[in-house]
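Pasting a structure here, questions to come.
Read from first to last, the chains carry the letters A, B and C; within each, the first residue is number 1.
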Amino acid sequence: MSTEPATATMPVGLSGAGPVLRRRRGRIKGSSIAVFVFLCMCAAFVAIPLYVVIVTSFKPIEEVTLGRIFALPVHWTLTPWYKAWNTLCTGLSCDGIKVGFFNSLAILFPSLVLSIALASVTGYALALWNVRWAGTFLFVLFICAFVPFQIIMIPLIVLVANLGIYGTVWGIALVHAILAMPLLTLIFRNFYKDIPQELINAAIMDSGSFWQIFREIVLPMSANIMIVVLILMITTVWNDYLVGLTFGGISAAPMTVILANAVVTSRGEVIHNVNMAAALLTAIPPLVVYFALGRFFVQGITAGAIKG
Amino acid sequence: MAPQIALTPALVVTLVGFAWAIGWTIYMSFTRSRRFPDYTIDPADWYSQYERLFGNDAWTTSLRNLIVLALGSALAIVFGFILAAMVEREKFGEGVFRTIFLYPLAVSLIVTGLVWRWMFNPSLGIEAFLRGLGWTSAQFNWLAAPDTAMYGIIIASIWHGMGFYMALMLAGLKSINTEIWSAARLDGVSLWKLYTEIIIPMMKFTFLTCAILLSLGVVKAYDIVVAMTNGGPGTSTWTPAYFAINAYSTRSNIGFASAAAVIMLLITLAIFLPLALVTAWHHRQREAAGR
Amino acid sequence: MPRVQFENITKRYGTIPVLQNLNLTVEEGEFLVLLGPSGCGKTTLLNLLAGLIETTDGRILIGERDVTDLDPRDRGLAMVFQSYALYPTKTVAGNLRFGLSAQKLDRADIEQRVAWAAKLLQIEPLLDRKPAHLSGGQRQRVAIGRALVKRSGVLLFDEPLSNLDAKLRTEMRLEIKKLHTELGQTIVYVTHDQIEAMTMATRIAVMNSGVIQQFGTPDDIYDEPANLFVARFIGSPAMNVFEAIAKGGPNGAISAVFDAIGTQLDLSGYRFAAAPADGKRLCIGLRPEHFGTDGPNGARHAAMFDLPIRHCEKAGSDATAYLEAGDQLVAMRIDPARARTLKSGDRLQASFPLDRIHVFDAQTGRRL
């Protein structure tokens, strides 16, 4: 009951310990509450901008000009969304952001296919097959992963123009594949390195060829890393601006470029609710992927960061 | 033979897409190419583009902004660590908090920039809200003034990246042996002492990784500048990446843009080399300790 | 040095009970070993004592103080962890000092204690090294040193020797026992290794599935195991256990008929706590080293048998013969010199000395 220690049986070490903290079973400690509150405040900081955008996108113009950004719409309306999709003006034309949506889709699939096909085979070859210069090549790839886009941008424009695919979806896809190759290869290689060499050796003894083993043994084992890489690439490609801007020209501009043109560089009246709806439309696909497959997303991001 | 053949596309990409491309750009930076590549180099004047570069006010502003952005965005690492430490201790709702903190990563930097541009808008953003509450002299129009515009970009960067660094720190924290926490609880040391003397030193490598990734991200900062301020007011929010793109697309000057790009590459190398050295040293240390 | 008392300790994770109504008293200065297989609850009990987890119900007392609701740091304990939990960024001296920093001692006091522990554990030359540059055994000593500098009355060990190789383990066993003799702290030590328990403990609490199977001195536990679990857990090679049926005879004499080898075992003279009825299923236990081999005229025996050898294990200083009794292998210690002359198929004669057998109820496992 008493917190005064009986001196006769007092262990030596406790004599200078100061006041004894008694905690009641099940009581939540004060520090836990402080932690929770702080976390909630930070979560609010992170969530509120999105909330503001969502809420504004459903407001009619009159409510937007009132300027009460945190208030819910009095009259919920889908007009801004309709306008954003169909009639958003980018200074050159007013065809809505749907153009960008379909362009982005058209860019996405070849980008994914090219980059993942190239990186997975390369990673497989470097991880499980005896290539003498593998170590050097990996180091070079490591360096390439850090190279800023601007240093290779102009030559790539020259290259893509000479290949005749400048201003097309394929041009963008090629550039994405090139830019993503170093990082993705490293990711695949690290993943494949965990496959026991004996498994591959046994398959070779069973007269499996390089491609056979890849198709029938390694690929089926790659489900986990494929998901991670897919999520990483989908996010990177969909959210990309610079590559789409530089290589897309007018006809293959992705959603982010159209959005930026509409909001940033166009003159004339700024219609905020439409702009916000357009921004949301651009943001929704990767967000859906994130909320649906968040676990793999985290893996993908940290895999991208802890390269090698 | 098959593996070597299968590696050819990657080799080609590396040789052409990277090695040749970098070499070409470096070469161009010594020429006077404008709209189209001009392959002649004047040996007496090979550094003319660099001279112009460092005499250019917008370029010096860009470099300064680079440092400002790097230092300001470093707060994202600090917050990332604090959040990770709290999320790790917080038994209630860890998953929910993680999901919330990480979602900005799924949002494009363009959208991020636009969202914060609206938040800073005086008539419909935070300033309007504060004034609506009765604080009539509230000033939150940071993007309108050259002195404060960069800070707006910093806030948006922190908003976007905080969750990422939190995720990295969380992974680092979870790799710490749970018995260390138990031992510290029995030792009765204060939380502050525990984190500053034990936990943070143990996470040196994670912090370093975060710092390097942050720096590399800052060097590449383009999208967010376009979306928030498009470089303005004036040239006060230009970054080196923005400068290089502008030199090419607006001023149609290949040589000038190439010089800017080469400096960007040098900065990247300067950031990257310590990482490479530290990683190699770290690996050798671990092998020596026989772990 | 304080005594430690567990009163009616219950620990549940959700609906899964790990410990239920467990009572245990550790006397002052005692070396108590909590022994049992993985999952038996011994580590849970230790963590409850340390305060690292909370009880669902029950009280824990250290000395006269009820510590059930106190934080680990206020309980006056020190602990040595299974993986040592040394702070990797601090030197050995730093590790020893760190735990004391919360106790508000002055510098001279701290340095004196560090020096004392370093001398006691012979780690003085290592004081400036970091844990990464120490061997397993050295880290072990530093972990012990870190616990000793706190000068607490109660010392906890969580399987500290499990990460060491066999030779080091033997050395450290002696060291820890020596420390106990010199310093006299109350020690609660968790392990799954019965040799550690038998050699170091003043008393052992054998646990299984959250229940204390038997609590007593090593000798008690070895000579009179309270149930089949304890009988089989202690002793290496494990006790041989034979299934049998009780048979009532004239004058209340009881004998057991072995299932496997059909021999009848005369149990009159065995000190039963509860004599079995006719037809009751029994388990008869005999340790490998207790078989008599000196024939029918030797020590008082309850039965004789003759079984073929499957194989012999020779380990230099001792040898064990494995005999076939039906489906069962019977382990029997024999003289190494004799083992050299035997081969598979040879038949060995052995006797069951009455004063060495143990009779258990086959259903409940309890000693009869």
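As a working rule, a contact is a pair of C-beta atoms (placed from the backbone, for glycine too) under 8 Å apart; a residue touches a chain by one contact, two chains touch by 3 or more.
Values in this document were obtained by computation on a predicted structure and should not be read as measured data.
When the interfaces B-C and A-B are ranked by C-beta pairs in contact, the top one is A-B.
Each chain gets a centre from its C-alpha atoms; the one nearest the centre of all protein C-alpha atoms is A. Distance between chain centres (mean CA atoms), subunit B to subunit C: 58 Å. Note on chain placement: the centre of subunit A and the centre of subunit B lie 15 Å apart, centres being C-alpha means. With touch defined as above, residues shared between interfaces to two or more other chains in subunit A number as follows: 17. Listed for subunit B are residues 188, each touching two or more other chains. Among the residues of subunit C, those in touch with two or more other chains are 71, 73-74, 78, 102-103. Interface residues of subunit B facing subunit A in the complex, by the touch rule stated above, are 2-4, 6-7, 9-11, 13-14, 16-18, 20-22, 24-25, 28, 37, 79, 83, 86-87, 89-90, 92, 97-111, 114-119, 123-126, 128-129, 132, 159, 162-164, 167-168, 171, 188, 191, 209, 213, 216, 219-220, 222-223, 226-227, 230, 241, 244-245, 248-249, 254, 257-258, 260-262, 264-265, 268, 272, 276. On subunit A, the positions that touch subunit B within their shared complex are 17, 31-32, 35-36, 38-39, 42-43, 45-47, 49-50, 52-53, 56, 64-65, 67-70, 118, 121-122, 124-126, 129-131, 137, 140-144, 146-156, 158-159, 177-178, 181-182, 185, 209-211, 235, 238-242, 246, 256, 259-260, 263-265, 272, 275-276, 279, 282-283, 286-287, 289-291, 294, 297-298, 301-302, 305-306. Interface residues of subunit B, counted against subunit C in their complex, comprise 177, 179-180, 182-183, 185-190, 193, 197-198, 201-202, 285, 289, 291. Across the interface of their complex, subunit B is touched by residues 50-52, 71-74, 77-79, 81-85, 87-90, 98-99, 101-103, 132-133, 146 of subunit C.
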